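Listed below are the structures to be examined.
Look for chain A in each of the two complexes below; its partner is chain B in the first and chain C in the second.
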Partner chain A sequence: MKPFLSILFLLVLAWAGNAQPATGSLLIKNGTVLTVTKGTFENTDVLVVDGKIKQIGKNIRTPQGVTEIDATGKFVMPGILDAHSHIALDVVNEATRPVTSDVWVGDALDPLDISIYRALAGGVTTIHAMHGSANAIGGECETIKLRYGTYDPEDLRMQGAPRTIKFALGENPMRSHGEGNGIVPRTRMGVEQVIRRAFSEAQEYMAAKDKYNAVKATDPTALPPTFNRRMETLAEILKGNIIIHCHSYRADEILMLMNVCRDYGVKRLCFQHTNEGFKVAPELAAFGAGASVFADWWAYKFEVYYSTAYNAAIMTKNGVVTSINSDSEELIRHLYHEAAKTQRYGGLTDDEALALITINSAKQLGIDQRVGSLEVGKDGDVAIFNAHPLSVYAIPMMTIVDGIVRFDRAKDADDQRMQVDPEKAETAFFLAQEHKNADHCLEDAFDFANELFGFERE
Partner chain B sequence: MKKALCLLLAWVCLGIQISRAQGGTEEMTPVTHTYALKNVTIIQKPGQVIQKGIVVVKNGLIHAVGPNVAIPANAKVIEGDSMFVYAGFIDGLSQTGIPRPEPAQAGSGRGGQQQRPQGVERGEPSYETAGIMPQQTVREALKPGDRSIDDMRKLGFTAAQVVPNGRMLPGNGSLIMLGSGKTADDYIVKENTSLVATLTTSPGVYPATQIGVISRFEELYRQAQQLQAHTKAYAANPAGMVRPTSDRVLEAFFPVLDGKQPVYFLAPDVKSTARALALQKELGFQMIIAGVRQGWPLADQMKALNKPTFLSLDLPKAKKEDAKPAAAAGGARGGNRPGAEAAPKAEENAKPAEEAKPKDPEMEALEARRAAEMALYEGQAAAMTTKSIPFAFSAMNAKPAEIRENLRRMIKAGLTEDQALAALTTTPANIFGVSAMMGSVEKGKMANLVVTDQPYFNEKSNVRYVFVDGMMYEYEVKAAPKGNPNGSAKVGGRWSYNIAVPGQEAAGVFNFKDEGGNISGTWTSTTMPGENNMAAVTLKGNNLTFSSSIDAGGQSMTLEFDLVFEGNNFSGKVNVGSFGTFDVEGSRLGDPKN
Partner chain C sequence: MKFKFGYITLFLCWAVANSLFAQVEKPVKGTFALTNATIETVTKGTLTGTLLIRDGKIAALGSNVTVPAGATVIDCQGLTLYPGMIDGGTQLGLGEVGSISLTQDADEIGDITPHMEALTAVNPNATAIPVTRVEGVTTVLSVPQNGLLPGTASLINLVGYTPDQMYAGFKGVVLNFPTAGRRGFRDQRTDEELKKETEKALKKLNDIWDQAKFYNEVAMAAQKDASMKPPYNPEMARVAQVLNGEMMLLVEVNKASDIELAIKWTQEKKVPKVAFTGVAEGWRVADQLAKAGIPVITGPVQAMPTRTSDRYDKPYSNAGLMHKAGVKVAIRTDQTENVRNLPFHAGFAAAYGLGKEQALKAVTIVPAEIFGVADKLGSLEVGKNATLFASTGDPLETKTKIMHLFIDGYQIPLDSRHIQLYHEFLNRTPGVRK
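Showing the complex of A and B:
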């Protein structure tokens, strides 16, 4: 028994010690290739070398040492992106004040979350791990790749992806702070004021910093403004270096935030949920704002009653960059079904429907040059299905990230957890419910939010 | 009735006195401060042993060590035949000597809700409310004579780096002696050895989450840099410059900014280790990761820090059944799980099943995974050695009663005894820069010694003497009381009991019912609600045994009592599974006739 465990141990060490996220090479042969952006090709191969798509074509010769994957009769599509998720995070809400642009969920990534594997089993390769919606201006989010199997959060990050931040309008920030704590914002007007005030303060902060930088060489008595992380982040939003992803439902407040952004010169904006986006689709398109929606989920709170399953299709037809997201560790496992609903409700084409969970999500996250379609030069992120992914019979067979197979249905074991508690007999099933509370320090965060505000994490 | 109550009270008071007397024998001034340990095996430091040697302690120092040294005339000679002498152990980071905070203060979540600041203050709490107290010192927080000091000393620890209570920034660490003193000052050897940081959140106020804690740490660090630059510039030439405002919190960072003090980051699991590493990478301070329980997945990154680390003496609880082989059912071989291909195979442990009970294959697979995971925890110390990461130990969050057993488990998992000893003595002495003072049994060093009746890491060995700074503490080894099969005892009635669990209060009442020799009973504890039933109560002569299963946080725990009764008193042992065996004693409450 002992030699064995030490071998296991050494292997784990060797494998976890990589400084850079690993990449792989493989050739996916003879599948129906759905590029999403460049058409669909039957009996076609996709060659991935060192994590990048090198070639897409027929009868590609297998380079030496490259693993072949037979995709005969199967459908090969780009790895699915989820523009709104909270998996792989130990912390979602720092709900203690209306502006928390200083915090970043990337500081609390959870590479051990079993939901990573489960999402891979739904063909997902990249997610937007978001801060919650308790605050008008929440924390920064993190775009991660589902490199299941690592203990090191650094390995999950999608290096080079633009910074993004969560904003929230409507009931959640009103309840968290106005009703829950007696401070602004208690109303939708208040939410607007919180955002305007934060932007204005950030302008002042930037001006003070610029002034200091201009004179510091010549004036030894000059002092910088006191370092303030909230302001530092807001300043980057104003400079155009961070994309706002805003939790929103009602058309009036969607228009409101676009007006606020116009006033402050902020152009990179994507609405999340966007439940009444169909009412203001032309305005969204004119602004260039993205919209990420549920396929057909609503009525879970008062501001989400005026809804339609045609939302995504209407916005798509109006030229809004639209995506369908999960915001859930369950929906994330069948986003392809969610996308397919737009064919029933709105008659979108295959490519239009698939774009909702691939290239459009990539555009909203500012990573469409690297992922979201099968094109030469892009990352080797691929999902292989046994049937057309928009078919109700589709089953994901294999999911590849950076040329490495991270999910293989043929090798799917009963227990895919990264680690088990040596003290307690926890089955894999219960882990999903329990694990968020595993760390005592984090309990408070969730207790706090749930207890005081009674809202979920969307 | 009244009389009975008075009696009861009297007994309770007596009970308290008895328990006090056990801990306080060191209060009397010894006749001499010169000692000679004769005929002892001296482990001077790992790998350096003197057989049948003499250690002379004088004026708080090791006066002489060797096979043949002169024993001063005024020395108290301890005949150490077959005894072993080690350098006193050094605990790398703990809260020994720091009283625990009141439960209300430490309470998280629901309990503390009422005290939460409301309104704007929740997002902008004071430093104190937010758990930001890096200026706190051990000198202010240490309680002389705190019971935890004795608990650790009994195990052979003579020095420890300790830190005040708190949350994200609890304060400055100081190296203290685990001896005796009237004021906190008496204990301190070296002050401000570290700035301690944790990822502990502040319930209900900012930072209420770890992302808040990490952000706040970075903000404070940068503000400290600003303040330091400002302070220096102002000191050089104040003319025309706004005066810097003093800020104790930010100023506590200055030694860290100057590279004169490391940040000790408490990282009890792999994720907090990763978070500490990321923060260090961002800001570049000198960091020592401490209280590491699960460092192996990130060993390479830890090694790259080029700093020693402090491994936790707290291991996951061992299940007694774990002794049986970790047979792996097929399901344990997780196909997509990295490293899974090396999971134990069934044939390695192919022992015939003892019982023919049908077993749930899913549970079997889970048990195998748990055993493999446990092996990783136990093997951490050995793995760090393989990786050449220097380490000492931290007793933070470890229960004193489990520390020796945990050390043995690490040794069983591949750590050598010399390596374990180095991690308890020479390595921490080196890390704290006190090698010239302590860490080995050498002439001229402080007389910090552990004397055991068998090699320290043997399961049956007992610590007999501990010297701290030349002060001797003697520990009696209580022989298990022997029952007399021909004796007799009347056990019916109520008895108070006291279990000697280090660091914990364990007391209550046994209530035996004697129905014509048929004995049954219940018991209560002052720390648990409700009554517990006794099972298999057997009286042979004056030797009473019984067992009882209790629910300890969802886990069933069986206590096996073995008691010997003499008149109105009893003493004995209780075995609490993997927690170990503890002494029990007690006495009759009230009139035996009732």
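Showing the complex of A and C:
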């Protein structure tokens, strides 16, 4: 039995080792190249070899066997990142307890989700697939690449991306647990204490483990603390190995979490939504916390009533690493347009606006060495537009992930589903119900009676 | 002496600042000459010169305009004038905070409530109104929601202290046409059930129409013989206004087969004035819509495809495909707090086939024509209402900024809560202590 298990284990290892997602090589010729970090260059080529950017320059000779893409008259930018998404997931919320750091959305990836393709058609190449915001401390998230075409969830993962976890403040956890279940938190005071208790228990758990490790060699009667996945994850946050991405709106709760993190020595922190981030921009900058925001969503609930579309501009000008996200299968299709709104609302430059959906999002996810700009050595993730991507008239023409064309407006079929899900009755007509009264972070958290009509899907 | 001078300067600064801050800017009427402007009339080509606003109207425009004495001159060098944009379908003014039901006034209880007046519940002080108008959207249709006949929509200008002052001269009765479509993945009804429910709803609608017809006949007869006066029935009275052509019927319909059915239904019932709204799958039946001659107010454009099997860009190209087939197309956002995005919805439609010129018309003259207010709104022409703005360029382009704004002859301060928060917090005092 044992040798059999070992062989099986080795086989699994070998298989896992081989499961490297495919990469490609191509030469994008003669476009206007928007590197975002290193300037803009006209009539310039971008060479991608085996999934990595090998060269950016003029008149690059086409290596043998490398496909050429003519980008004359077109605009070439880094693949867009979405730091807050819930597409490609079977489920979003484990809304059963205020602390669910033991779960991970990476266990629920859905490579067949047509939204992946539709996001590619908006120039997006990397997304942060997040747990929902029902819990003060939610589950771990997964940074994935939009390698649409694979049937294997493993292929979606961006190998080597840091672990991230969803936290949530304000109305959503208060609604889910305080109002919904009659347990703490029902207030923003309660949210703070739920997080402090969780961190403190994790410290005790770590101390018990350390104590055991110190004596186990000499004391055969020593016992380790009972394995607790929830505590294991929290401990990794305290050690700095997991980045917190915290759903938040109001300035006071944003300050609260920064104070809590300071008390526990946690430094890797990014706020999500952050509608009132503009009110505490100097504090965010001083902490070094990121902020990922909507371009202009507001007033869908009370905690976003005192918002401003100038939020991203104010934070950018105050030195906060800011990104613009979608949190929506619709908005993700035109993040380039959402970023452009910061030019109307706050007059950001082209590079500042583009950074909001590329390099800044990459920084917030800890993957800025790999993606988020067109630089030699980075991943070959590219979006090609027929006009400047910040123009309302820009149309994404082609999207490339790891040197492989995953979206091509000229060639792709009308119906790009990989599989027809009989449960999602293919001929059915669905009236798009964009958010009317909530963000998408409460998806799956409630079983509302009127869910049937889509209004409370969130 | 120098010291004293400093004090005087300080005092003067204080006095100026005081007079600036003490006075809240508000809309003002007057005679305004917008000079050196490029004038995009929408209906009569592009002109250069001066546009004169007097008594709330466009008094003159072009290169041969004499600026009268006493007019406030606004130099529009480098700027372009456009008519205010019209959103043909919103809930603006009817909702303040999405999740708080007691701030929501678009959806009354009951399936048959055509007499519910949007104009009654429009809040002239809704925070979203200044937020919307400073982006060049000056006029919107405010629409009641849900139920078969949810109420009467009203066209409003985004200026005024009372709903009556805001009223822009059009009302229409909303019909949510019975739909055979599912409303989401969680809608588990079988095809059979859907069909039955649709038939039931259609029968209900037809019954109401018959009743209204009867009511109308009785009401007509009562004009000659007071003893025939029908009992108080505001629902029937309102539907009767649709039957006799006093009011337009705004039919919300989106699925292709529903659109076909709705065309047939409006023809059978000989509804005198009708427009279709939503029309998300209009591209599937564009020829039939064109043949029926029914105008369409479509949107949102930035939306998901209606079927998972549809091409990703169909919501963007829908308006253009219908226009090409010969349908009269206006664009709406169907939004409350983000009606300001109307130009971007039009911009997306422009990029995906409608073209820039037609897209601009779809948010100006076309909705004005559909609502029967083209004599007052929708283009820059002498005699029309002075509802217009000066912008740094193409108003559908994202980075364009609105520099001057007039609605109904009022010069509107370019201020909103969003702008106030920007000014307060951009360089916050105190900042963080280093």
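Keep this in mind: the second predicted complex is superposed on the first by the 403 of 458 C-alpha atoms of A that agree within 3 Å, B and C clash if a C-alpha of one lies under 4 Å from a C-alpha of the other, contacts with A are read in each partner's own complex, and residues count from 1 in each chain.
What we mean here is this: contacts are C-beta pairs under 8 Å (C-beta built on N, C-alpha and C of every residue); 3 or more make two chains touch, one makes a residue touch a chain.
Since the structure is predicted, the reported quantities are computational estimates derived from the model, not experimental observations.
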Touching partner for A:D414 - first (chain B), second (chain C), both, neither: both
Contacts of A:Y306 with chain B and chain C, given as first, second, both or neither: second
Which superposed partner A:S391 touches (first chain B, second chain C, both, neither): second
Partner chain in contact with A:F227 - chain B first, chain C second, else both or neither: first
Contacts of A:K279 with chain B and chain C, given as first, second, both or neither: second
Which superposed partner A:E329 touches (first chain B, second chain C, both, neither): second
Touching partner for A:D107 - first (chain B), second (chain C), both, neither: first
Which of chain B and chain C A:Y117 touches, first, second, both or neither: both
Which of chain B and chain C A:A340 touches, first, second, both or neither: second
Common interface residues of chain A - those touching chain B in one complex and chain C in the other: 117, 414-417, 420, 424-427, 451
Contacting residues of chain B [partner chain A, same complex]: 108-110, 113, 118-120, 122-124, 199-201, 203-212, 214-216, 218-219, 222-223, 225-226, 230, 233, 237, 239-242, 269-271, 274-275, 278, 296-301, 316-317, 319, 325-326, 331-345, 348-349, 362-363, 365-367, 369-377, 379, 383, 387, 414, 554-555
Chain A-touching residues of chain C, taken from the complex the two chains share: 96-100, 127-128, 135, 179-188, 254-256, 278, 280-281, 300, 302-313, 315, 336-338, 340-341, 343-344, 347-348, 350-352, 356, 396-401, 417-419, 421-422, 425-426, 428, 431-432
Residues of chain A touching chain C in the complex: 114, 117-118, 121, 171, 278-279, 281-283, 285-286, 296-302, 305-310, 313-314, 317, 329-330, 333-334, 337, 340-341, 343-346, 390-395, 414-417, 420, 424-438, 451-454, 457
List of chain A residues in touch with chain B within their complex: 1-2, 4-9, 11-13, 15-17, 19, 90-91, 93-98, 100, 102-105, 107-108, 110-112, 117, 139, 148-149, 151-154, 181-183, 220-221, 223-224, 226-229, 406-408, 410-427, 439-445, 447-448, 451
